[in-house]
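In what comes next, chain A is part of two complexes: it sits with chain B in the first one and with chain C in the second one.
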Partner chain A sequence: MTGSGVVVFVMRRFAVAVPLLLIISFGVFALVHIAPGDPVRSLLGARASDPATLAAIREHYHLDDPFLIQYFKWLSKVVQGDLGVSILGNRAVTSTIADRLGVTIFLSLMSAVLVLGLGVVLGAVGAFRRGTRLDRAVVMFGVFGISSPAFVTGIFLLYFFGALLHWFPIFGPGTGFLNRAWHLTLPALALAISVMAIVIKITRAAMIEELDRDYVTFARARGLSSRRITFAYVLRNALIPVVTAAGLIVVGIVSGAIYVEVTFSLPGLGALTIDAVQKRDIPTIQGTTLLFSVFVVLVNLATDVIYMLIDPRIRFGRVES
Partner chain B sequence: MSAPAINETRKTKLPQRLPIVILIAVLIIAVVVSCAVLGEGIAPYSPFLQRLGVGDTPPSAAHIAGTDLLGRDVLSRVIYGARTALVGPVVVAGGAFAIATLLGLLSGYLGGLVDSAIMRWVDFMLALPGPLVAIVVVGVAGGGYWTAVFVLVVLFTAPDTRIVRSAVLEQRPLPYIDAARTLGISKTRILFVHILPNVLPIILAYVVLDFAFALVNLAGLSFLGLGVEPGTPDWGRMLFENRNILFSNPVALLLPAGMIILTAVSMNLIGDWLLERFAK
Partner chain C sequence: MNTHVASTGHENPLLRVEGLAISHGAVPITTPLSIAVERGETIAIVGESGSGKSLTARAIAGILPPGINATGTVTLDGISLMGLSETELRKIRGFRVSMLMQDPFTMLNPLMRGGDHIDEMLRGRPEFASRAPRAAEVKRRLAEVGIVEDDVARRMPFQLSGGMCQRVALAAALARDPELLIADEPSTALDVTTQAEIIRLLRRIQRERHMSLILITHNLRLAFSTCERIYVLYAGSLLEVGDAAAVERQPYHPYTLGLLLSEPPADIRVPRLVAIRGSVPQAADVVGRCGFADRCDWAKQICRAGKPPLVARDIGRLTACVRQDEIQCELDALRTAALCAAPATPRRDETEGALVRIDALVKTFDGPRGHPICAVKHVSLRIMPGESVGLVGESGSGKTTLGRCLVGLETPTAGDIRIDGIAAADFGAMAKADRARVRRTIQMIFQDPYSTLNPRHSVGQALSEALRASAGAASASTPERIAALLADVGLSAAYATRRPASLSGGERQRVAIARALAVKPAILVCDEPVSALDVSVQAQVLNLFKRLQAEHGLSYLFITHDLAVVRQIAERIYVLYLGEIVEEGPTERVIDDPQHPYTRRLVESIPRSANQHAP
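Here is the complex of A and B:
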């Protein structure tokens, strides 16, 4: 496939992603109407309900227009970066999100490093020592990870390493890079354990499959070193399925971060979302939900493109099944 | 992940007797089920009995697992919590697979336009960040246990439909289907009398896995204050209500947290084991 083929492929994926984004934005917009009761009341929040304020809200959110017109007016504002105003603080949703973004990004990156690093190593170790005690322990750890959501693991970590051993702080996000990393170690670990299970499972299965292939036997027969076979051939091929699972991993981290931030009282986007949900602050919920969903869709898009670039078999349309 | 054909000869034969791990998992589930069924019979106190003067106390002879902020017996609340921990996930796993089985059978067997329509819907649902959708929709709709159960049924149906469909697609080229069609047996009869029993074991294994996933999700929503009503004895809710007494009575957090993990691990182990046995 030539350069133009790649362009066509990317364009085709965009053609799927754009309608998806539109449907998601429509769903997010419709949240105002899912909330029980009159939308004006939901948007009013704690403000006094005098006729002037109600009229101002109707005017601001175009509530007297037909539903679809409301949606398009809302969407055109969102595209311009205006997510509306929080019903609680009368503060622009975008600036609240900007304040909270740092903690969530730090936490997510930290646990992504843990998920990929530890996950691939454990999965590979399990595959190499297939059938042994070590392998069974790795598999069991994977089952444990899938079964223990981040908020549950978080409570155990908080208790043992925070409250009992005092190794890590149990509250707040910290300031400065190192201090923050220290504060976010337990949350990132709690988040990583639940998501890591996916990576362990996929890496292990892919490694086992690759190790059985003829090219490995051939490479061994030719006297290539084990290290070379593992790192230059087997691992490279086995990591392709891990890349395709990137979407799953990102969804796991992003939604897990919501629970972890609540568990460890971290002022991130997830905690903001839950706070807004509990206080029925619809504009803030719309803002964070939209941000999270768009991010997930874009990651999926990027995953497909990267997948195609790293696996020539896809580019040449020669992949089986 | 199905192993390539070349592996078949090398693979060690699965032991026919019940592995010890699965036995333990079944025992744990049996204990949880008895807690849910016997409730009043085995709980030392009423889970709602408040003794405000007592407050949160660490484990003692009278209260093996201590008490929470309102002086309620933690052990009794954990025992009663088995109810919401079982009922919701059973409804989610059962409901999602009931719908998914119907859609998957139609999609896999009929093909064509029906198949494309159902699969486009599945693709769309899978492109959404499911856990986030659950939190936001349940939260905005006003929360509640059954709202959460309903939303999870909707979210779980899509991946389950894909599972049933691919199981049906494996059956389609088999000779018995051709034979049934040659005999002039109706499509409905082929679907429900001939194909369904053959895909049912795999569905059953996934129902068990779905149960574990639903338990974790429902507990999560209750932990965020969006699931069960305040005051309900529920493992997730207990983590929410007791998060401030980590120092005075850690058992009030560690016990329900441990129960969530134990129950989910057990169901995942049983599900994986069933899947391994049934998927060839």
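Here is the complex of A and C:
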């Protein structure tokens, strides 16, 4: 398969993703109507229900049109980047989201780097020291992390490193890169610990399998350096299953961010969503849900493309023996 | 314990292994053994599965799997390798000792291009610091192993054939110009014709480089034709050591002779192969006695009294048989008797009343992106009642597809199959009664007996299930009938309660045969039925096939890549090449006087040495 083949592959994946996104958008739109009570009431929120306001809402949301027409009118606005107006504060949903996005992206990226970096290193340590106390400690740490929810680990970290030791701030997102990283270390760690077990387990199992392979033995028999064997042979082959799971992990991190933001009172998208749910702010819920869904679809698309790029057996297609 | 050095008179061999004992925890894998390799010398370590030959090779290179320990000394050119650290060993491996492994498809890194395996070996050298001279050197190294196509260096391992992978791996193993190469069954996983090419290549390179070579193999004939000295390893102990020619002329140990006679000869048909009874034991089970005693016709009390030491009996000849001088005449006599040709089988020329008729059979499969792959093209063949027919071909020849079409596991794309007069091309379209009759007429034996037996069913359950499917199923599957079936394949009735996991490979194949016989078939389709078995066991099973044919008047379609096997079992053979029959005729005529170039290539690839018939 050549460069154009890769393009064809990506296009084909996109073609599958578009209908999926349409279905999701339909579900998100239907939220207004699924929510208990009259949609006008839902959209009214805390405003006074005088007839003029109600009529304005009916007019603004095309509520007198048939359902499908409403959907298409809403969708065409969404495509143009207009997610409607938040019921609270009367701001455009897009600008509320834009305000909050930074913290969530920073938190998720930081924790993804921690999960993948630390997880792969710990998994590799376990595999190389298979059966030793260190190996068992690594596995135990993973099991411990996955069994305690992120908000519990978060509260523990806050108490220990924030309140007792005062190493890290206990609330607020910080400003500027370094200050923000300092502020977000504990939340990112809490988030990372809760999903790291998956990466540790996959890396460890894959590396143990790789260490037993004929080509690793053959590489040793040829006197290659242990660094070359570890990186070009063992790690590179073992990372293929990790990459295939990375999509799942990133999605897990972003959904975990919702709890962690609330725990650490960070003004991120997760906190915004919780807030919106509590206040029945339907346009904001629609906006954040849609954004999360698009993100999940795109992450999966990216995983497929990366998987194809790193495994030549997929890229070239197997020859028939 | 004996640590006698099998020296050839030289004082300073390149490699000297003394008292090398390998164990897995407290379980011994080999007893202390000694090996010496001169510069430029080729030796063979011959042994069946479980003999410890591969671990011995890995112990020499210092790459034993975790949990396996070795004691003793390994000295390479005066340097003791056993005490060296991993870092120091790395300077020896590749540069002085290198290793080639069995499976070409798993030996190369699947994410690295073929040429990069050679390239990475060259990087440390200053003259190859930059890319261009390194690429030129990779090209030169590939040319040495017979690869002149430019794009092989750029291809990924999964895009190369087995033979190509093995060549690339050989070039990579030799890239730092080692003085000693250990080749562990380098040709076993390959097709017959490719096997011969790889062995020729190894010998040529060994001679050109004046390199020492340790060939690890289970094939005694290959060892005789390739190596100067032979070490015969059995259940972890060396049983015989000597010059290849001398050992071939007159084996001193009953096991060596047994192994030699167990290998079916390709040039004559013998009435009955001399098989070694039983199967290969574990080293741990034969501590403190001759490992071969339980299978030996000459074993006496003395053989079980202690582990017989390997002692010199002649110049350059050692044997671990304590009774060698007493029994040598009998060994020689057995050898002479075993090599008598069987009387020629009566020719049958009639083609009327054939049990199986295949006419113009075609089978195509859907390939990638809808391109059809034609596995079998216009094949016609006949099998007469009571006749044994060989179907010879390499992987990809379509021989297995043809066999599967015959028993209804595949439906042919076109063509006609008649079994006992019933049209059986499409099992789905047949009347129910006809289908049942055809299934009772034709049965199949597979290569791997283990995967065809349900591990949760005892042997008795497997057989009674098959008996219930036989004609007139009203008759219950009594223990007597199961015992009779087991007796038919040479197993005692006690086997009925055992499960497949507790059986050896040969016993499993016997059970598979018994199960096929339960429905009293007229013909067995045997797909490589002995190629997964140890040589000494293979002869037993071949003898069983011969006996069953005589007793039950069975027909066989014997699908195999091994000409020596068909020589023993088949009256007529068809040679299949890329889905087409290129040659057919009586076995003797096709093997002794092959007409088609491909058949000639197959015949030439059988390893043989000059003194094949000596005494």
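Side notes on the structure shown:
Here, the second predicted complex is superposed on the first by the 318 of 321 C-alpha atoms of A that agree within 3 Å, B and C clash if a C-alpha of one lies under 4 Å from a C-alpha of the other, contacts with A are read in each partner's own complex, and residues count from 1 in each chain.
Going forward, a residue touches a chain if its C-beta (ideal position, glycine included) is under 8 Å from a C-beta of that chain, and two chains touch if they have at least 3 such contacts.
Since we're looking at a predicted model, the values are computed, not measured.
Following the overlay on chain A, a side-by-side fit with no clash is recorded for the pair chain B and chain C. When the two structures are aligned on the shared chain, A:Leu301 is found in touch with neither chain B nor chain C. Put chain B and chain C next to each other and count what each touches on chain A; the higher total goes to B. Of the two partner chains placed by superposition, only chain B is touched by A:Tyr159; chain C is not.
In the superposition on chain A, contact is made by A:Ile258 with chain B only, not with chain C. Once the two complexes are laid over each other on the shared chain, residue contacts for A:Ile282 go to chain B alone; chain C is not touched.
In the superposition on chain A, A:Thr217 makes contact with chain C only, not with chain B.
Looking at the shared chain after the overlay, A:Leu31 reaches chain B, while chain C stays out of its contact range. Across the superposed structures, the minimum distance from chain B to chain C, using CA atoms, reads 7 Å. Residue overlap on chain A between its contacts with chain B in one complex and with chain C in the other: 212. Within the complex formed with chain A, the chain C residues making contact are 58, 61, 63, 65-66, 86, 89-95, 98-101, 103, 106-112, 120-121, 156, 158-159, 169, 172-173, 175-176, 182, 367-368, 373, 395-396. Residue ranges on chain A touching chain C, taken from their complex, read 130, 212-215, 217-226, 228, 232-233, 236-237, 310-313, 316-321. Remark: chain B residues 1, 3-4, 6-7, 10, 12, 124, 127-132, 135-137, 139-142, 212, 216-217, 219-220, 223-226, 239, 243, 246-247, 250, 253-254, 257, 260-261, 264-265, 267-269, 272 touch chain A in the complex.
For chain A in complex with chain B, the touching residues are 20, 23-24, 31, 34-36, 131, 143-144, 146-149, 151-152, 155-156, 158-159, 163, 170, 205, 208-209, 212, 251, 254-256, 258-259, 262-263, 273-274, 277-278, 280, 282, 285, 289, 292-293, 296-297, 300.
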